[in-house]
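Structure below; questions to follow.
Here the chain labels run A, B, C, D and E in written order, and each chain numbers its own residues starting at 1.
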Amino acid sequence: MSLQHYLVISAILFTLGIFAVLTRKNAISILMGIELILNSCNLNFAAFSRFVVPPENVDGLIIPNIDGQVIAIFGIVLAAAEAAVFLAIILAIYREFGSIRPDEVDTLKG
Amino acid sequence: MVIPLISIILLCPLAAFVIFALLGLAKRSFPRQDLLSTAAMLAALVCSFLLLREVVPDPKPHTVNWISVGDFTFSMGFYLDSVTVIMLIVVTLVSSLVHIFSIGYMHGDPRYPRFFAYLSLFSFSMLFLVVSDNLLGIYIGWELVGLCSYLLIGFWFEKDSAANACKKAFLTTRVGDVGMFIGMMMLFAKFKTLSLYDGTENGIFTLVEGLSGTGDIIWLSIAGILIFCGAIGKSAQVPLHTWLPDAMEGPTPVSALIHAATMVAAGVYLTARMFPILTDTSSLVIAYIGGITALVAATIAIVRFDIKRVLAYSTVSQLGYMMLAIGAGSYVAGLFHLTTHAFFKALLFLGSGSVIHAFHAMHAHHDEDHTDGEAHEHDDHSLVHEHGSEIPPDQDMRNMGGLRRKMPWTFGTMLVATLSISGVPFLFSGFWSKDAILGGVLGHAMVSHSPHYYILFGMALIAAGITAFYMFRLIFMTFFGEPRNQEMHDMAHESPWVMVVPLLVLAVLSIPIVNPIWFNKDYVKPPPQSHIHAPAHAQLGPDTKTGDANSGFAFFWISEAQAAEEEGGKNTEKADDAYRIHKLAHNIAMVLSICVAGLGILLSWLFYHRRRFSAESVATKFSPVYNLFWNKYYFDEFYDGVLVALTVWKSRLFAQFDGAIVDGTVNGVGTVTRQIFAAFIGFFDNRVVDGIVNRVAEVTWAAGGRIRRIQTGAIQTYLFVVLGGIVLIILIFRAL
Amino acid sequence: MEFTLKTFIFYGFALITIASALAVVTVRNIVHAAFALMVTLFGVAGLYVFLQADFLAATQVIVYVGGILVLILFGVMMTSGRLEMRIHIERGQLLLGGGISLALLMLLLTVIANTPKWENLTDDGTAFEPTTKRIGELILNEKFLLPFEVASVLLLVALIGAALISRKEVRD
Amino acid sequence: MDYLENIESLAYFSPEILLVVFAAAVIILDLVVKNRESEKVAYLALVGLGCSLVAIIITHSALGTNESKNLFWGMIRLDGFAVFFKILLLLATAATILFSIRSEELDVRLKGEYYALLLAVTFGMFLMASATNLLMIFIALETVSLTSYILAGFLTHSPRSSEAAFKYITYGAVASGTMLFGLSLIFGMVGTGDLTTIGQQLPVVLASGEVTALGVLIAITFILAGIGYKIASVPFHMWSPDVYEGAPIPITAFLSVASKAAGFALFLRFFFSGFGNSEVMQSIDLGLLLAIVSALTMTIGNLAALPQQNVKRLLAYSSIAHGGYLLMGAVLLTNGDAAIVNKGIGAIIFYLIVYFFMNLGAFYVVVLIANEAGTEMIEGYRGLSSRAPLVAGAMAIFLFSLTGIPFLAGFFGKWVLFTAVIEGNLYWLAFVGLLNSVVSLYYYARIVKAMYLESAEDTESFSFSKGTFALLTVFVVPTLLIGLLNIFYSLSEKITLQ
Amino acid sequence: MLLSLMIFVPLLGMIVVLLLPRESEELIKRVTLAFTLIPLILAVYLYITHNQPDLEHLWKQNVPWIATFNIQYHVGIDGLSAILILLTALLGPICVLASWRNIEKGIKAYMALFLLLETGMLGFFAALDLFLFFVFFELTLLPMYFLIGVWGGPRREYAAIKFFLYTLFGSVLMLVAIIAVYLNSNVINGIAAEARTFDIPTLIERAATEGHALANGTFQMWVFLGFFIGFAVKVPIFPFHTWLPDAHVEAPTAISVILAGVLLKMGTYGLVRINMDMLPEGMAFFTNGAGFWGNSLALLGFINIVYGSFCALAQTDFKKLVAYSSIGHMGFVILGLAAGNEVGVTGAILQMFNHGVISAMLFLLVGVLYDRAHHREINGFGGLGNRMPIYTGITTLAFMASLGLPGLSGFIGEAFSLLGAYERFPTLAILSTIGIVVGAAYFLWTLQRVFLGTLNPKYEALPEINRREILTLVPLGILTIVLGIWPHFAIEMFSESVVELTTKIMGTLQANL
């Protein structure tokens, strides 16, 4: 359960997210890939916060440094907002193009 | 008085031209341009005679600074010695006579005023050339006379032949001029001046004296030969002689003035002027070119039928003589022949002009009958086609014959000139000057023991005989026998007095007894500087050597004495020796030349008057030789075929080069860039971009197009680029 | 590292997380993928617990599983009118994508393995106080106040925007 | 490090607060204004911008020159640099609003939210320009991005707009995700999110071997993906042509100027404060990396612009290229000499001023022509010189200024940039940049050619209102004059980072 | 003050013209003419007073401009720039006159642009601040682009953009060089000692100071190259010349006149002002006669001469022929400059001025013909000599001047360039004389094909040159003749500058040997 364990997990999640983003033929799958990426980032922050930064002593209570955790929380919030907008746009695309295959949405090019 | 006089001499003709030009711009024209120009010329003539008295033994330059920047200065000015004055008189005299002659000859031409304006401009240029004291000035005059020659040869520019001829004349002489210019550059680089003699230490002549004995004079030989190149062009020496016969497309008075008496003689004048810088080597080259020219041109003249072409080749040949004389060191003899030749050759041309005018007037009358006074066209004559060359019928000697009764004055005067040029002894000027040359060459040969000059003497002698032959051929064909073209003969008539008078004057001038200039022995002096191949300056005055009884002609003896000086140098004993040799040489030459001339006249008489031999049969028998002569040694063909083709080909090549290579190179760079670029992007299917011009733009466009192709519109492609880019960056910079 | 139940559970979570994430990116059925994602998100939440980030874990479950995942499922439903949820993957794209991902993974693993600062930092089992209070202080009183407020603006914008864009149907 | 606490900071934060307040007010007014007199909404937004501007000036003067304050526990920093960018961004937003009023392309019914979103995005950009904490950077970036996605997809009836939004968000989400991962790595290396601390700690840990250069390189590259996508640098540029083409023209203008400027502000501050140490930069050869990115950006931008037929798309590529030029100045951040670093920053700032006027001006003309001729294609510009001589003249000025023809502002902008770059001994980069300006002439001139050298089938002349010309003048005059006045040079020189 | 007035009067004229209503064409033309005449009058005054030291202050001005970069608005005049300003001011009204009738559309814009162009040209020759110099250099591009592009021939778009692109490409390198000079302008012995400056006289001074960074030979060499390529495009020097024929062929007459008359001179003027005066070490490197590089400048001159001449020979388009002949003639300038001695440089500068006058004449003449016949195919004419005698006369004068006929101004420049060059580069100088022959060949051939021979029946009714056209040509013709006869009128203006310049160049050369 060392830091490196978390980091490896996070790295794997990140790469899987990238892989999804690059190869999936469905806009929603791409969104899922993005969520994986964001999760890996949050995991990183949390892990670093736990291990790298020395714990704080606040009013005599030993608590881990939670800067990273807070960043991760904001990450989750942002992910949520992003997902909402993303899905709204996917809906718009679906309306206009009748498909959410990313490679069919290619009228703008060149 | 010198400056005002020279100014008048120069400005009068110039003013005549300027008035014409200014009025022309205002779309008007002076009603009597002919009188204006003639008057200007006569004024110049008078001044030239007045100048005779002003010439002092030690000529002084009259210069002003023309251009001066920092250390170097180009001056412009007049240099007045005996040679200059003689040339001035010759030029103004012949020019005045030609002006007068033209009043009759050119009458009725639509561009009549312009003709005289051009003549004036020419006279100005020629006079400027003559009086100039430095090479740059000479060069300026030199080119200006070329321009006038161009304008006048092309005076009847509606004729394609005239248009071609004027261009050819200008271009050919310009080739020589470039040589001259290079020679000037060499002299300038060495001496930092182009002044010939400015009265101080800085003239070329003075400086070149300082060079003598240093031994390193190869460059000077080259420079001399290069300057002589200008003369080759201007004086129509082999191999640049071909333009002169073509120049006969111009009106005949022009031929007389420019292409017989003055401009073509400018080359001789220049060579004589530059005499002090000529080395042995350059002298020999000049002599050879002169000798070859004399012989080659004479042989070509034999087979011509166009009366003006015969005279043209004759001129070339005579100019060769003069060059030969200068090359042999007898530059006085060369100048002597220049003056005599100027008169009798001008006479011959004007006489032929008179003949042509006689036939020509007939055509003019015809034209007037039918076209109601419209300008007579010169290119609508029925042309006689012969070996591809076109001879106007009024110039074809085969249309002539028996004219001596119709045109007695013309006949008489032309006969005098012919006798003169043929070297008929004693009474005629040509004999003396030609003999001076022959004697000079032989003397030089004997003194220097150089086989070259013996050969040259032989060539000159043969040429002399041939000259007599073809000149009498001309006389016989034109004036004797029966008329060959009766219709034309009937219409022929004697020319009006304005044309005859100049003929008479010139005829008189061709008989030396009545020619006063030549009695004044002071007028031709050797240049005040020493000669590079005769380093020690002989102080002997010419008069010390002219005690001989038969020295009626100062020129003659001065020439001889001069030659002696050169050969002998300061050593009086040796000089005497040389003088003796020269005297002997002159006697030998005189005898030989008389024999040769007589032989030539005899043969001519047998061929063309008696008809004892048939010229045609001889021609057939020696057809290769005949063809060689007839085709003028194929010079024109050579130039057309090789040089012109080469030039045109070269320019085309350049033009293509411009299109293909320069733009192509840019394109090449572009292509390489594009290749790399394409490789980087990952597209290897390079189209070969066609088109030649504008390649850079095309290539960049193509590159732009390629970039567009990754912009597929599919978002995942973009993501590939992003993430691939990240990986690449990391890998690349990790490797660093 | 001794092999305890805790570590066993940890590895279990890790395995579940990775396996399900793998499923997210590989399964052909989008709905299955969505459910696999849910498992992944739960797995990550579990890992947060191991990091003693209790509030974070809770947020993860509530926001992600409760919010985002539902949103995604809605999206799936609304865009699957033709019920054509089979996902076709082109081979070349797959290879290239795999290559890039693999390269990235390798790079990241290299860094993780070679960074001394991150080595030997193991969970020594120290139990910390719950973080919720501290987070509250930080967000509402201390240095994370500004991000918090900005995030609220962000959420507002996202709200309006999402509404705007998806409202497009209502044309007249 | 001294910083102000939350309450103390509020006064200095008033411009941002005003923006948010007015954004809310705009939304409310939009609900109130029943008859859709949307211009009122727009004017309210403009008033908001005006108030914010006043606030900026007041806070700045309260701050004093060459002073800086770390607000909100060091989350953001208020200094001259931030103030400059805020004013620039504010003006860009104002211009965009003015464009939008005149644009016939935007859906009138939805304008209320539109202006609110514009204010919100300006708010985000303000934060981008002043953020000094990793979290703040990310949140600011996300605020701007999310709002931009929405704005790009704002056109109701246009598939192009939706497509633009879709591509934008997909691209943006991946890029910002990647960036966040990079940020997390940095966080892991130094254990703090504070930029200044990072700037102090990173060299230490790097020197002690606790972290490797590879790690830093990966982190920076990942972060670059996020920032690079904002400023559209190669290879993170690919979204921008499509988005620019699909988005409403005012938004395109806004993205190409404001978004880019904010991106550069972030870029400069991030690299200056976080990686300002030359050892770190050299260890990963950041200078060369940025130089190559810069060279590629301008080259690819320019080359791809060559064959474009759509003026908007052409300007999109052109703005990529200009991003490349600007990046040349950013390369100088890696120079060891502080004076040269400041020169680079000054050059970027000056160029941004210039770019602001000429690029917005050009886009304004595009708006006008799209309104009148109904097209964005180059063909639509044919014969413009006779149909609308003043507009054509203005466009020609903007385009030649973009090319960098002397006495127009663009030239002076390039001049300042290239001087700085050459002073940093990057001759090759300057050379590439200059060659690129030559290439760029070609496509700008194509528009000029269409306007002046070709004639239209339709020769009816366009008529524009006085306000249009007034607004046009606002862009033309500075484009003509900026370079000739010393004030802008000294201004750009004064603005530095600490 | 007067100098600034001269530079900006046309600009003022532009504003005035822009304010005039579009319909009043005659008024616009007259106003333009008036505004081009003012610089001419001032230039004449300059010519009269140029050697009066107490009036010198009239002809310079130095005010700070962009203080941040120490850029000044510094204009001033020496002999070299004065003569070119004179040329520019002279050609201004002539070009306006030449455009009087044959600009059909948009006369207002045309005249406005023309006035802007004139400001650019005058400013360029007067600028003594490197930055200002560059700004004016480029300032001429814009009006030129439009003037060719809008009012040009059928391929005008291509020609205009080609001109623009080529020049811009060249100026890019120049810009790098300028910046390099600026950045090094304060370094002595590796220490930044003074304020950086763009002031050309100061730079020249510093470049001659021992130990100054600007005086470094290698530095000068590179900077020389940068400037050189910039100017070479403008001159144009092979292989950067391909824009010229296109631009000339397409440009309207007056613009061709300006292009050949003044714009090309900007390149050579720059070479003298910057490359020779400021960078003598660089100049020495490229002209020291040793090896390839030591001969390179002279070689380029030679190539230009021969190449331009032969290309001209191959042309059948009258205007293109004249354009290529320009390339050839500018080669003489390069050759003369490469010589670096008094004769050569004098010749080169004279050639600059004279070529300006003569080529202006040639293009005006081509324009006259084109206005009447509406084509320029040399072979399509013939026999015009009879139909248009005055025109023929003037053309002959111009041709003769251009082919270097002594007595006309064209000769002296060529001859001096060659004379000067021969001292330093004998072989190249000799080879360059080929250009003289070929020059004669193409001009005479053209003369023959156009004016001699039988009249082409198509042109029996071709009207003779009119008074306005004559008015444009006569001043140039007079200059051609006067300067041919008495070149001192021109030389005295710049002889001092030349002596100074050549002393420096030759001194540097000797120091390097």
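Side notes on the structure shown:
Everything that follows uses one rule, which is that a contact is a pair of C-beta atoms (placed from the backbone, for glycine too) under 8 Å apart; a residue touches a chain by one contact, two chains touch by 3 or more.
Here the structure is a predicted model, which means the values were calculated and not measured.
The chains touching subunit B as well as subunit E are D.
Under the contact definition stated at the top, the chains bordering both subunit D and subunit E are B.
Counted as hops between touching chains, the shortest connection from subunit A to subunit E is 2.
Taking the mean of all protein C-alpha atoms as the reference point, the chain centroid lying nearest to it belongs to E. When C-beta pairs in contact are tallied for every pair of chains, the largest tally goes to A-C. Using the mean of the Cα atoms as each chain's centre, the chain most removed from subunit C is B. Each chain gets a centre from the mean of its Cα atoms; for subunit A and subunit D, those two points are 26 Å apart. Measuring from the averaged C-alpha position of subunit A to that of subunit C gives a distance of 5 Å.
In this assembly, the C-alpha centroid of subunit C lies 31 Å from the C-alpha centroid of subunit D.
Mean C-alpha position of subunit B lies 77 Å from that of subunit D. Under the contact definition stated at the top, the residues of subunit B that touch 2 or more other chains are 697, 708, 711, 713, 715-716, 719-720, 723-724, 726, 730.
Across the assembly, subunit A contributes residues 7, 14, 17-18, 21-23, 27, 31, 47, 49, 52, 70, 74, 78, 81-82, 85, 89-90, 92, 95, 102, 105-110 that each touch 2 or more other chains.
The multi-chain contact residues of subunit D, meaning those touching 2 or more other chains, are 135, 139, 142, 146, 149-150, 153, 162, 165-167, 170, 174, 178, 185, 188, 214, 218, 241-242, 307, 442. Pairwise chain contacts in this structure: A-B, A-C, A-D, B-C, B-D, B-E, C-D, D-E. Within the complex formed with subunit E, the subunit B residues making contact are 21, 24-25, 27, 65-72, 114, 125, 136, 139-144, 147, 150-151, 154, 157-160, 162-164, 166-167, 170-171, 174-175, 177-178, 181-182, 184-186, 188-189, 379, 647-648, 650-655, 658, 662-663, 665-666, 693-694, 697.
Chain contact summary for the complex, subunit C toward subunit B: residues 93, 96-97, 100, 103-104, 107. Across the complex, subunit A meets subunit C through its residues 1-9, 11-20, 22-29, 31-33, 35-36, 39, 42-43, 46-47, 49-52, 55, 58, 61-64, 66, 69-70, 72-74, 76-85, 87-92, 94-95, 100.
Of all residues in subunit D, those touching subunit E in their complex are 385, 400, 403, 405-407, 411, 415, 418-419, 422-423, 427, 430-431, 434-435, 437-438, 441-442, 445, 449, 452-453, 484-486, 489-490, 493.
Taken in their complex, subunit E has these residues touching subunit D: 65-69, 109, 134-135, 137-139, 141-142, 145-146, 149-150, 156-157, 160-161, 164-165, 168-169, 172-173, 175-176, 179-180, 182-183.
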